[in-house]
Every structure is written in C-alpha cells, then in structure tokens.
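Next up: the structures, one after another.
One chain, chain A, links the two complexes that follow: it is found with chain B in the first and with chain C in the second.
== the complex of A and B ==
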C-alpha cells in the first residue's frame, strides 16, 4: 500500500492543533501545504533552513570576486592615476564591493532556493489538491509499506477529529 | 504590579566614590593640565547629553509609531531623561572656552577670513544663549512627557496616551533642529575652519544608537535584579534589531563623510582627516569603526546570538566604550592635539558616569517600573517571536 493521505483543513488553528497531535504521536509528516506562510508550522515540524547562511557566504564570495576584479582592472591591467588617488584605492572600491555583494547575495540565493526545491522555469506545477492555492490547508502523510490498514484508519480518525473537512487517499 | 528593586550598599558607595573621584580629578586636572581637563569636561558632558537625547528620542519614536512591544520599558527612557537638568553643568564651560574653542580667543576671528564671517553666529554670548535655550526646551519637553505618562497610571481612558503621542511629535521636531545645532556648536566648532554637512545627522544617529544600547543594558541588568519578569526572546530580538540597524546607519554615515572628503581632496576639508590618521591617532581611527560597527554587526548578525542576554550585555558595553572613543576622536585632535589617555580621562568619565547612574537609579526607584494603564501593555507582555 503506497500512496499519500491528505488531510484538508479550512482553518489555521485547526491545522496547527492537528499538526501538534500528529507530532505527539510521532507520525512522520511529509509536507504541509498552506496558501500563505504560517510560522508555527515551521516551529512544530522543527524544520531548519540554511538559506541565510548560504546568502551570507554568497555575499562574502561577491565581495572577494569584485575586489579581485577591481584590483586586476585598476592595478594590473590598466594602471592609470587620476585625481591623485592610489591605484589600489580601497575607499572607492568599498562602494562597488557593497553593491556587488547585494547583487551576488540576492541572485545566488534565489538560484540556490530554486535548486534546493527542485524548481525551474517552465516546470509543470503539481497540484495535490485543487483548492490549495485558494483557502485550504493540507497535511500530507506518506503511506509506508509497514502500515496496516488499521493504522491508516486511526490516522484518518486523528485528522478528522481535529477538524479536517476532508480526508483523501491517493 | 509593584515591581521595584533595590540596590546594594556597596553599589551605592561605588557610585558615590566615583562621583567624588570625578570632582577630585577635575580639581587636580584644572591645576596641572587645564586645556586637557576642559576638553574632557566637554567630551563627558556631550556624551551624556547625547545618551539622554538618544534614549528620549527612542521613547518618542515608540509613541509616534504606536509600537506595542516596548510599552513595558517606557519608564527607562523616562528615568534617563531625568539627567537632562544636570546637563546644565556644561555652562561651566564658559570658564574654559579658550582652552577648547580656538575661535573664542579674542583677536583670532578678526585676523582670519575663514572664521570672521562666522563670528556673527559663533560668539561667546550667543553660544551660551543657544545652549541655555536648547536645554530649557528639552527639559520642558522631557518633563511634559514624563508627567503625562505618570498621569496615565491613574487614568481610565486613552486621553493621556494620545497626549503623549502628540507631545512626542513635537519633541521629535524640536530635537531634529536643536540637537543638530548643538552638535555644530559643541563639537564641529572645535575645528572651526572645517565643516561637514552630514555632521549633524551622523551625531544624531550616533546619539540614538548609543542611547538605545544604554536602554538595552539597563533592561537586562534590571532583569537580572528580578524586574521585568515578562522579558522574553522577542523583546531582546527587537532591541538587538534596533542596535543592529542603527549600527549600519552609523557606519554608512561615517563612511559617507570620510569618502566624500577623501575623494574630493579639497585642502580645507582633508586636513580634518589628515591630522586624525597620522601618528598614534591612526589606531583610534580604525578602533572607532571596529568598536562601533564591525564588532556589533558581526555579533548580532546571527539569529542565535542576538537573543542571548550575555552577548547583548557585552555588545552594549562595547558600544558605550565606542561612543566615548568616537567623541574623543572628534574632539581631542582639534583642541588638545596628541593622543594621550591619562588619569584625567578616566577620572572624569568615572565621575560623570557615576552621576548619570546615580540620577537614573534614583529616578527608577521613585516610580512604578512598569507603566500601569498603557494601552499596549498587554501586547508588550505577550510579544512573541513568530
């Protein structure tokens, strides 16, 4: 028996109470789909993100690469003194480094996010439940081979007890 | 909600000791090294005025934006504001004008075309009239805000809250003009040939920055004493966000002032940085940006460290030193010259800090620490991170 169970909710608080219950019963939740970000979901599922760290590293990379380029351009490749400034004039490099830091940070973060969540332009969206982009909150639980039909019935009843409008099996 | 605290006798005697130390140092310094003593007198006076301005500006901002999270801590800026009447000791500077301000020496302005056209604004009587006027204005506004907040404790409607908000708007308007002019008078006129149009903004942000860090430090120390039992991660994060963002603005303005002068390379302007980047002062030039920006920025960047109380205490102490260093860097090269930190610097700072702590402590123990009928009190107590 392989497939997924979908519990559909119409209220944020009901969703959170159901999540809490499932977490207490140590049932593995594969995905929670919400029409807008709900911070408690993050907290309850104990998910961690390393995206901020990645952004920080991209920014450092951006600063280093930009500085190397500026150094190459204004000291090695085309050394030209203007305005009495030294060739390697760090104060004026800071501005360009700063702007390029933002550029690298933003673009590489977005790309990292796309890679990590396996998205690409033109990918066909996988709709698990038609109302998910409108007003429905969905909890997805993967069925496992070792689950008996009794277990699944119990799961269904947990989802129903906490106010699920609908429980689907796929 | 009677949540007042008491301080130990040792603490009180340390405070009194440091005030006495300050007075003795002031006397000795005047006898042995008059010039340096007056420059330090100015530095410490300006230091604590700027902290009071920053803290009360923070309070006014909270009222104007109707921020919920900070309602619990409103009494701390109020208590810091009580120092303002004492800032009037800066008027003693009239006896030491010639040691600090080059332009005040008779005959200097007449022979120097760069200063002469400023002399209708920069002359000793008008200088002190302005200071008295600004101080009176600020004391009046701070008292008004405090009185309104105290009346709110016994009120049952929102009348006093709206009043506070209205007074805060006026206070912000007054501050933006008057504090800018005060920084011009007290600090920028030391290097009288030089001027920077971004100077007032930089010092205003600096005051706000360090005022907030003093508030944060007091909140955490009081929490350790058993007050503010509802202090949680959310409040700490809001405080560290304030410090973090103001650090970035401070560094931005510091850099903009430096970059423009460095890039334009006009003789009258660059001389300001030339004397500050030569010899021993070069260390201060870099320490200034490291203490006031690099360390707080890199420590508070991570979400794990910016809600840690010990980390915040360390950052606040670094910033308190940093503000002193920043002012030293701005005041001393123009008035005294060489970098030389001795007993005068330490003793006078100890004296003024003792006075400041004494006043704030007395003001905090006098009134209930948490405002009673503030409309956002519930929201403040139940603030949480999402």
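== the complex of A and C ==
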C-alpha cells in the first residue's frame, strides 16, 4: 500500500451506489466511514462478527463459575442450614446464577468489543477526514504499487460520477 | 425524514445531518441561561441539606430517624423502591423499544438512560445508610473472610437484591456510556477548544466510525439490550420479594413481583414524560421531541395504568375473597379507610384513574395537562410505596406492637439530597453531553418525507 484514496459523500444513497459500482468493478474497498450505522454498507462490505457467540460463551462461563462458587461456599466451606432448606439450594442458586450470567455476559462482551475494535480510553483517533463524525460518508481505497495512474484516474472518476463531493489522495 | 404511516415524521423540519449535529450540540456550545444557575444553586442547597442528613445518620446512627420497633423500614425503603422504579425508565425505553425496533425511541433514549443511572445511584444511598454501621457494609459481599469463614445467606432476597442492583447498575451504566461514544467523537471533532478536544478525545476511545466498528457496535447494543431487558424484570421482582417473602399482611402476596415491575415502568415512563416536556420547552427541541413522541408515551401510560388498576383491585379482591381477617384489616381498615386512607386514595387516583384521561386525544394534546398528570403519577407512585411499607408495619398481628410513624427532618433531608443530586446530574449532563443521541437521530432522518 502506498497511500489511500478517499471518496467523500454527503448523502447515504450516493455512497451506496458508489460502493455498489466499486464492487461491480471488483475494486477492493479498505474501509467505509459513516456518521451513523448504515446497514447496506455492512452488506456490501460483508461484515461479520462472532461477538454474539462470545457473549453466549461468557454467559455459560458466568453460570458455571457462579454455581461452582455457590456450591463450594454453601456445601463445602461452611455447610449451615438456613430455614430448613437443603445446603445445595437449587431454586435460590438459579436466581443468583441468572443474575451473574447477565453480569458476565454484559461486562465481558463490552470488554471483548473494545479489545477487538482496538478502542481504549485516550486512544488518539486517526482522523481521515474532518467531518466523518458529523455528516461525511467516506470510502477508503488503498493505493497499491501495481495500480497505474490510469487505474487511479478511473477510480477517481467512478467516485466523482457517483456523487463524491471531494476525492482526496493521501 | 423517517416517515411512518402511524406516527408521521419522527423529526420535523426536513433537517440535514449537519443541522442535526448543530442543533443538538447547541446547549453544549453556548453559556447556560440564568435559570440553569438558579436551578444549580437550588440543587446545591438540597445537596447541603442531604449532606447534613448523611452526617447526622452516620455520626449518630439511624436512631435519628423516625423508626421504631414496629416500623423498622420507613422513608428510606420507600425512597429506595421509588428511585429504583424510576431507574427502570431508561431500560424500559431504550432497551424494550430497541428490541421492539421502535424508531421513535431515538429522541428520548439518551435522557432516559441517564435517568436510569442517576436514579439507581440515588436509590442505593438508602440501603447503604440503613445499614447504620457503614464501615461494616462490606459484610454483605461474598468473600473469603476470617469469621469462620462465614458466608452469606444465599437464600435471602436481600442478598439477591444487592447482586441484582449492582448488576443492573453496571449494565445500564455501560449501555449509557457505550451508547454515547460516537457522539463524544462528534463533539471532539467539532470543538475548537484544545482542552475540550483532549477531554472528549479521551472519553470517546478513539472512535472514527468505521463500518467494522459500527457493525460490532450495533451487535453489542443488541446484546446489552437483550440481556438487560431480562434483568429489568428480575431486579424489581427481587425488590418485591424483599417484601413478599415476609409474613406481614399486605406484603405476603404472590402478586408483588409483577405488580412491582409494572409499577416501576409506570413511574419510570411518567418521569421520562415529565423530563421530556421540560427539555423540549427549555431547549426548544420541539422538532426532535415532537407531539407524536409525547403522544406515544401517554398511550403507553394508559396501558400500564390499566395494569396497575387491575393489580390494586386484585389485592383488594383477594383480601376479601380469602376471608383472612388480618388481610381484611390491613386492606380495608388500614388502607381504604383508617389513618392512612389519604395516602391510599392519592395512590389510587394518581396511578389508576388520572392516567385514564389519556384516552382522550384532546387531553394528550394539551401539554400542561399532560405535564400535571405525569407529576401526579410520580407522586402517586411514591405514595404507593408509602402505603405498602407504612400501613403493613404500623399495625401487624400484635396490637401491642402497633406504633405510629412520622419521618424526621433527617429522613426528609436524605430524600431531598438525592433529589438535588438527581437534578444536578441532569443539569451537568445537558451542559456537557448531547442530551439526544446524535447518531441515532441521524439514522432515522435518512429518508426524505416526500
């Protein structure tokens, strides 16, 4: 990669038509930046995530760890009978396990999201274009060494023909 | 604008995306008006009163409260349950409406989520102070200790309550904060002040809005939403079980968990309505918080209020139908009639009867009346908790135990303090953070009305 070409749009529909054209031309899009989530972009960019699966596993982990802890504390560590209930008091434990399942699921999913997206407090954002978080939709295409100047010109014209208000090379 | 057949445009005025950013961020840019400083000072006054009450409680003990051997739970528990109920608003709005794909939530959810977080903080003050010996508060946490080791009673709803509220606070705070990250990045990018850019830049975690991040972000919102929606039901059910697992007449009923959950949602929605009417008026956000939004909340209130009315009637019916003299006494001689009947009737009229006026479109369109009814519901819900806690405790099975209860200035101070804290947090939030979710509103403004 020897640089990046940015196509800037101010309308979601124009952005999508440009993305579809680029996809038809088999041009590799490195990233699309938008001020709000656009579902058509996710489809074109074929975005996938295993976050829901991770959450499920975190929830299972939460239930198992909580139950093991409750069993150890109530049956092994200090077996004291409260109100005639059995030491391994499953109905009460279900409730605690349920709450802890949510605790583990939510907390660890948020951590997983930040780790996977490489976001952390104080991270210096790489601002590709100033209005990205306001009203600009940006298509980023990596310039590769094998691209000729003609290819780049053609790319620029595709972006402009589909309504780009600005095409930048960085 | 996003235009639905039922509700019409969600945002008025055919605004551009940039215009939305500018209009919603306006309160952050400009100096607040005199009213802001006036309310700020009032809140500080309330906080000082509350601080004094906390000092007296910690220094001298809960003997300074109006409690006695019979009424061992007073204002503190009433206020705890009331605040927790309000704390359900954010989740009810943001999460239930997110899961149900209700686009109209976008203008309201941010303020409602803030209400949740602050209301839960207000609520937890009360049980913590009720411990009396605050320095021994950590005894409630399950950890290996040198006292045996003596573990907690895991069968107790009081322990479940600690766990559920901590989890609820964690989940709702994360939902609120994560939901704000893209908007914090917007403020970072538009501010001209270096200090502000550094602060908002730190808080927004380096967000740039790439499609990869947005995709994961949306999934995460659904995950937190889906899990926390289940938690809403369990938190208030557990709060209800604090009462229902006792043997006192008026408390020992199986209707309590659903009754408490619905009550919480009623008070939460009413508080959202109160707040939204004020925000709309003060910050001139009529294009974002439209009549249609308020209309929708009113319709939901009618429905929830009907459930509340059914719950109140069921309680009375079961007391009569069971032919249990203690239940009959509590409900008919200590609530419907008797010393505390005023509180009972305020509760009934405010929560079950007044919201029925929202059946009429004319009433729903008159914001002054809507505002008054929403305030009445808030007051009515406080009285509901008052009726439940006080009437059952003052007169239990044993007439020699019967005692009266009057709150002291210390208890009033604690409540006033939390109220000051609540309003203060809201004021500061509106000054420094976007009160309406920018990216979500932009998302629903993508379709042209024509």
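Observations, loosely collected:
Methods note: the second predicted complex is superposed on the first by the 169 of 170 C-alpha atoms of A that agree within 3 Å, B and C clash if a C-alpha of one lies under 4 Å from a C-alpha of the other, contacts with A are read in each partner's own complex, and residues count from 1 in each chain.
The rule is short, and it goes like this: contacts are C-beta pairs under 8 Å (C-beta built on N, C-alpha and C of every residue); 3 or more make two chains touch, one makes a residue touch a chain.
Model, not experiment: these values are computed from the prediction.
By the document's definition of touching, neither partner reaches A:75: not chain B, not chain C. With both structures placed on the common chain, the touch criterion links A:49 to chain C but leaves chain B unconnected. With both structures placed on the common chain, the touch criterion links A:64 to neither chain B nor chain C. Contact with both chain B and chain C is seen for A:95 once the two complexes are overlaid on the shared chain.
Residue contacts after overlaying the shared chain place A:84 against chain B, while chain C stays out of touching range. Residue by residue along chain A, chain B and chain C are tallied for touches, and C comes out ahead.
Of the two partner chains placed by the overlay, neither chain B nor chain C lies in contact with A:115.
According to the touch criterion, the shared surface of chain A, contacted by chain B in one complex and chain C in the other, consists of residues 52, 83, 85, 92, 95. On the chain C side of its complex with chain A, the touching residues are 16-18, 21, 142, 148-151, 153-156, 160, 163-164, 166-167, 170-171, 174, 178, 181-182, 185-186, 188-190, 201-220, 223-224, 227-228, 230-231, 234, 238, 439-440, 442-443, 446. Within the complex formed with chain B, the chain A residues making contact are 39-40, 52, 56, 83-85, 91-92, 94-95. Of all residues in chain A, those touching chain C in their complex are 10, 12, 31-38, 41-42, 45, 47, 49, 51-52, 55, 59, 69-70, 73-74, 77-78, 80, 82-83, 85, 89, 92-93, 95-96, 98-100, 102-103, 105-107, 109-110, 113-114, 116-117, 119-128, 130-135.
Of all residues in chain B, those touching chain A in their complex are 255, 258-259, 262-263, 265, 301, 303, 386.
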